[in-house]
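Two complexes follow with chain A in common, the first pairing it with chain B and the second with chain C.
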Partner chain A sequence: MSKGTSIDALTRIGQDIVESIMAGRFPVFDIPDRRTGNIIFDTDEQEYVIGPTSVRRDSSNIRHVKSFAQLVWVASFAKELLKNNRTSSLRDLYYSSEAFDIEFADQAESDRIVGDLECLTGLPREEFGIFPEERSSIFGRVTMQYTVKGYEGKTVDLTISPDGLPIGPALMTAEPLDCKAELILAVESGGMFSRLIETRAWERFNAVLVQLGGQPPRATRRLIRRLHKTLDLPVYIFTDGDPWGMHIARVIMSGSANSAHIRELTVPTAKWMGVTADDIVSYSLPSEPMTNADLKRLDELKNDVRYNSSEWLHHINAFKDIRMKAEQQAFSRYGIDYVVDTYLADKLP
Partner chain B sequence: MSKGTSIDALTRIGQDIVESIMAGRFPVFDIPDRRTGNIIFDTDEQEYVIGPTSVRRDSSNIRHVKSFAQLVWVASFAKELLKNNRTSSLRDLYYSSEAFDIEFADQAESDRIVGDLECLTGLPREEFGIFPEERSSIFGRVTMQYTVKGYEGKTVDLTISPDGLPIGPALMTAEPLDCKAELILAVESGGMFSRLIETRAWERFNAVLVQLGGQPPRATRRLIRRLHKTLDLPVYIFTDGDPWGMHIARVIMSGSANSAHIRELTVPTAKWMGVTADDIVSYSLPSEPMTNADLKRLDELKNDVRYNSSEWLHHINAFKDIRMKAEQQAFSRYGIDYVVDTYLADKLP
Partner chain C sequence: MTEASLVGTEFTSISVAEFFYRNRQMVGFGNPTQAVYSTIRELVENSLDACEDAKILPEINVIIRRESSDLLLIEVSDNGPGMPYQFVPEAFGKVLFGSKYGLRHKRGTFGLGVTMAVLYGQLTTNYPATIITKHGQGEANEFRLLVDIKNNTPIIEYSGPNSSHSIGTKVTLKIRGDLKRSKLRITEYLRLTSVSTPHAQITLLIDDNPPIQFGRYSKMIPTPPRISRPHPRSADIELLHHLISNNNSMTLKAFLVDTFQKCGTKTATRFLHFLSLNPNRTTESLTRDEIVRISNALRNYNGFDKPESQCLSPIGKDSLMEALNRLYPSASIKYEIRGPFEWNGHPTILEGAVVITDSTPAENPSLIRFANKVPLLYDASDDVLTLAMKRINWNRYGVDTNSQVLLFVNLCSTRIPYREAGKQSIAAIPAIQSEAELLFKTLGRAIKRESSSIRRSKRNARKMREFSKYFRLIARYGALLASVETTPDTSKLVESLFEVK
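== the complex of A and B ==
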């Protein structure tokens, strides 16, 4: 996505407002409705999408005027960022509003208005230079070219740092130039990520490694998607063996209701490698009993539309049968190289 | 610290055990006592140190034999790591023990035994290739040379990635070769870290930037200390304006009781820049009322030996007077460049 697209989208918002006022009408925004009733699971595409309903935010309505003004301010803040080739965290955006008497009650409110801007423009906040603080990391034989100020045109090989590179604003907006890898392997924990770098598993499996660190920031999901699409790399996801780990994979594949309004986030063809309940049994992994919260989560997932397939229901039921869970680190009981030499070698193509 | 030193320390442990057995004696460990009574605040050095008391772990004592064996196993695990030029997370170490029937009750127990090994050898776990999972980041004009397997002799310029580089096992064990910076500026939040990179504050202030992310991992404190000592760089710490932020700075300066047994972690001459209570007032920062937990924490710090100086008591009392706190992002109310152009310009030399 080019910077031009985002600036155009913002300019159009401003033009619409000006035109309304010139024509003697109160300006309005028609924003795709992000409430539960309008979020649809597209079973063909296997991902969440937003439905056809819009909500109108009308500046002539006293109950709308505050959030209308907040949205205009967020749009103008975003335009300043883009014009100056700058970025902002969601937190900084919240504090920046204070000088303008915008009166967000808290950061949850400003985050929500950023969501409205995403809905209105159809573009993710990252396209406007707005990022959360969390970071995950990446490592692999891909060359990326930066576009951020001060680094325009510079390239970086994603194997340059044996600790991985953080997926921050710079890498997020960089363009893949060249790739010697054949697949993307996303792993849940930082320990596993370090292990796979150190053992040169990235070389052995020709893999770009991504460290997720729990449910990954959206920027990480976007980068996985972009590398998948641009470089035609299949995606494999390796998490802890519990409902939470399984759901990390499912969200990368099919998205979440919260981000249904954002396109280009999901990789429906990604594969969850495990740790599955079957793996816990067949590799005799050190495991521990599921808590009530784990079991309750399994029941929730069972009713979740994203799990409505025989394959996923099998995974859920297998966990319910054994009532045990295991971390991806659990393979270390067989030696610290076992996970690479045996488990990944078994599971990767 | 060279790898030789760590291997020698481990070899010595093994030799002592063998000699005892050959001489018909049950082997024992004399480990510096890490309990509260033996942790002393050295007011001259302004840091915590461990006192003269030792505890004996005696393999002839039925109550000691389990932890004795656990310590021997951790030492042998560490030696395997070093011999093979490998690293392990604390979590992996815990799981690796399962194959040996070592029976750690939980990771807290294996972490504690790793602490015993540190005490016994006087070397931090990082010297044995054992790391926690958390990471902070670094950025600045320093060239480091890696020593980890596969990267031996390779150098990296710490400005290579405009998102910063994670302080992981590789960077932690790299050697500083060359430096164009004149000071270290450690900041609490990832948002501030990104801001200072993007605005080229590192160039303007000639600073190596370190992102702490709350109380930083010990590896980060060690790297700050090493750069400070090796490159003769003064250290400045910029945190949120609340007791927790203030304490991040104080721990970098004087260490904590938990790590009193580890040498070479502290920078007693580091300066806490703020956000101080005085800053909240003089810069009219957006602030919010302290919670009861914040106020209670101030009382605790008031009784903490590390705050027993007129300067620190002034900071504590000033917070108690205004009963308000502010984040470092709060400067954004004056525009996103204000923190660099005004606050840091005021406060840095």
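== the complex of A and C ==
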């Protein structure tokens, strides 16, 4: 999506409002409904999509007028970002609002309004230059070419820094030029990411390493998908061995209800390597008992459409049987290189 | 003026002047602070009474000048009809000489007020009182008077024409008093007087300060109340005696019919039959015991219609509301009236207004008392209106700490049962108290209705403010988004939504 179309979409919103007021009508927005009732799991695509219902936000309604104003302001904020080739974080946006007489109760509220703008325009907020604060990192033998203003045509080798490169707006919109890697290995923790860089595991497995840091930002998911699609790299996901880790993988594969209105985020063919319950048993990993929250989460996942397959149900049931969980770092019990030499070697092709 | 002699004569042999001076706290001259206030009050009330009788829009000037720390010159002048010159010395120099004993609603009652002020001034400063008054055609007259305390008679120091005085009456007194401590009371008294007498304009000038003006809030001159005959139920032994001995002897029946209201020949015949008294007996022949019997029967017989009330002159809804609206421009105000009812045969009306303001209440509700339009500023605690107010559960009517509730209540009656001659507090007569409670309850219901509608309109106003704030932002950022120069006007749309106008 080009910058021009994003600006046009925003301008159109403003024109509708101005025309409507001048004609003596209260402006309204029809926004695709993001409430659970209208979020559907598309079994063919194996991902969440938004249903056909939309909600009307009516500026004449006393209960809507505030969020209506917030939405218009977010749109104008986004337009200013685009016009000036700037980016901003969700947190920045939240704090900026005050200077414009717009009030948000908390950042959760402003994040929600940004979500409304995405739904209204059908464009992800990244298109408008709005990113979350937290950044994932990437490392591997891929050369990217920037498209952001001031860096057009410049390239970057993703092995340039031994700490990995943060995935920000510039990298997200960069085009892959050249690739020596054969797969993408996304890992949950920063510790494991550093370990794999230091031990040159990327070389050994020909992998592009991505550090997720818990549930990854959408920019990261989008980049993983882009590399997967354009370079045809298979995606492997390595997380902690618990329901939360499992779900990180599942969201990369099928998306989440929260971003059901955003396309091009998912990699349905990605593979969750583990740590599985079976791994905990077969590698005799140091583990700890699951808490009530963990067990409850397992039950929730069991009822989640995304887990409605024999493979996933097997993983869930195996955890329920052993009632134990293990972190990625648990492999260190067998020495610092064990995870690379043994575990990854077993699991990766 | 004919009634004046009626009561006056009975006291001539007693040194009433001395009696009242000794008991001056009874009549409001107990200390140097109260004395200043009472002096002004007596003078202003006399001026108002005089103007009211003559249907004149009162213009009253009050001047207070401090000649030394506690020596004050007080001068009150009015645009009233003045007074017949031959009455001036007695009216100002003789205690219990007054023209207002007639049975109608008046501020002055006792024929005491102004002479007390004269007396107090004389005893504290040794100066005579100066009265300049213009009555009818011809030149005004000036008097300088002192009171012969032992004999309760005026001493005329000077009397003669005054050609420079063109209208009304001007009274000048010197008294020793505490101006600093009475100043607030005086301004409060004048402020409240302008509420109960909205057609009066009163100007207060203290030393070289800029003048303070109270009123006028209305140009409506109230119709002067009619003088009425007493109602039979008000005939206590004293009054009956008085009425009998001051009339020529006549038949009992003729006496009743002539003297009392609501007592025609039929009623009189029936009443005397009930008492088994011969209607043709002469009043002369009645024994003391019979007079007592008749008085008791008159007061208890229930065959008399209720007393006339044309002799009453309440402030009235329009005038009171107008004054209060001017004094409390953003308050909501409701008026209620009760009566006429009677207490011991005296026709009585209670009127009240409730004023709800935004200020933070000190005391809620707070009561402002009037008797026959005279503000009562002292001795509130035992007053019948205070007692009645305290019996009301104001919380029930939504009186809380959010807004100040002021209750203005005026008791109008041909007889105000003051607790003392200082005329500051009304006695707890059960009939008055229960009517006052009923008045407060109606006012309470009005408060409840008002405060919920105030709350509603406040809420609406707040909603509209909020709404238009957000809607303006929508227009502003909408215009910014559309890259148009001018933000479209939102006021019409917002007003249409809230149906303003």
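Basically, the second predicted complex is superposed on the first by the 339 of 349 C-alpha atoms of A that agree within 3 Å, B and C clash if a C-alpha of one lies under 4 Å from a C-alpha of the other, contacts with A are read in each partner's own complex, and residues count from 1 in each chain.
By our rule, a residue touches a chain if its C-beta (ideal position, glycine included) is under 8 Å from a C-beta of that chain, and two chains touch if they have at least 3 such contacts.
No experiment lies behind these values; they were computed from the predicted model shown.
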In the superposed arrangement, does A:267 touch chain B (first), chain C (second), both or neither? neither
If you stack the two complexes on chain A, which partner ends up touching A:69: first (chain B), second (chain C), both, or neither? second
In the superposed arrangement, which partner chain does A:336 touch: chain B (first), chain C (second), both, or neither? first
Looking at A:200, would you say it contacts chain B, chain C, both, or neither? Reply first, second, both or neither. first
A:21 in the overlay: touching chain B, chain C, both, or neither? Say first, second, both or neither. second
Which of the two partners, first being chain B and second being chain C, lies in contact with A:348: first, second, both, or neither? neither
Examine A:138 and indicate which partner it touches, taking first as chain B and second as chain C; both and neither are also allowed. neither
Counting residues of chain A in contact, which comes out ahead: chain B or chain C? B
Once bound in the complex, which stretches of chain C touch chain A? 463, 466-467, 470-471, 473-475, 477-484, 488-490, 492-493, 496-497
Under the stated contact criterion, what part of chain B meets chain A in this complex? 86-89, 91-92, 94-96, 98-99, 131, 133-135, 137, 146, 148-151, 156, 160-171, 189-191, 194-195, 198, 200, 286, 327, 329-336
Using the touch rule from the top, collect the residues of chain A that touch chain C in their complex. 10-11, 13-15, 17-18, 21-22, 24, 26-27, 59-60, 62, 65-66, 68-69, 72-73, 75-76, 79, 100-102
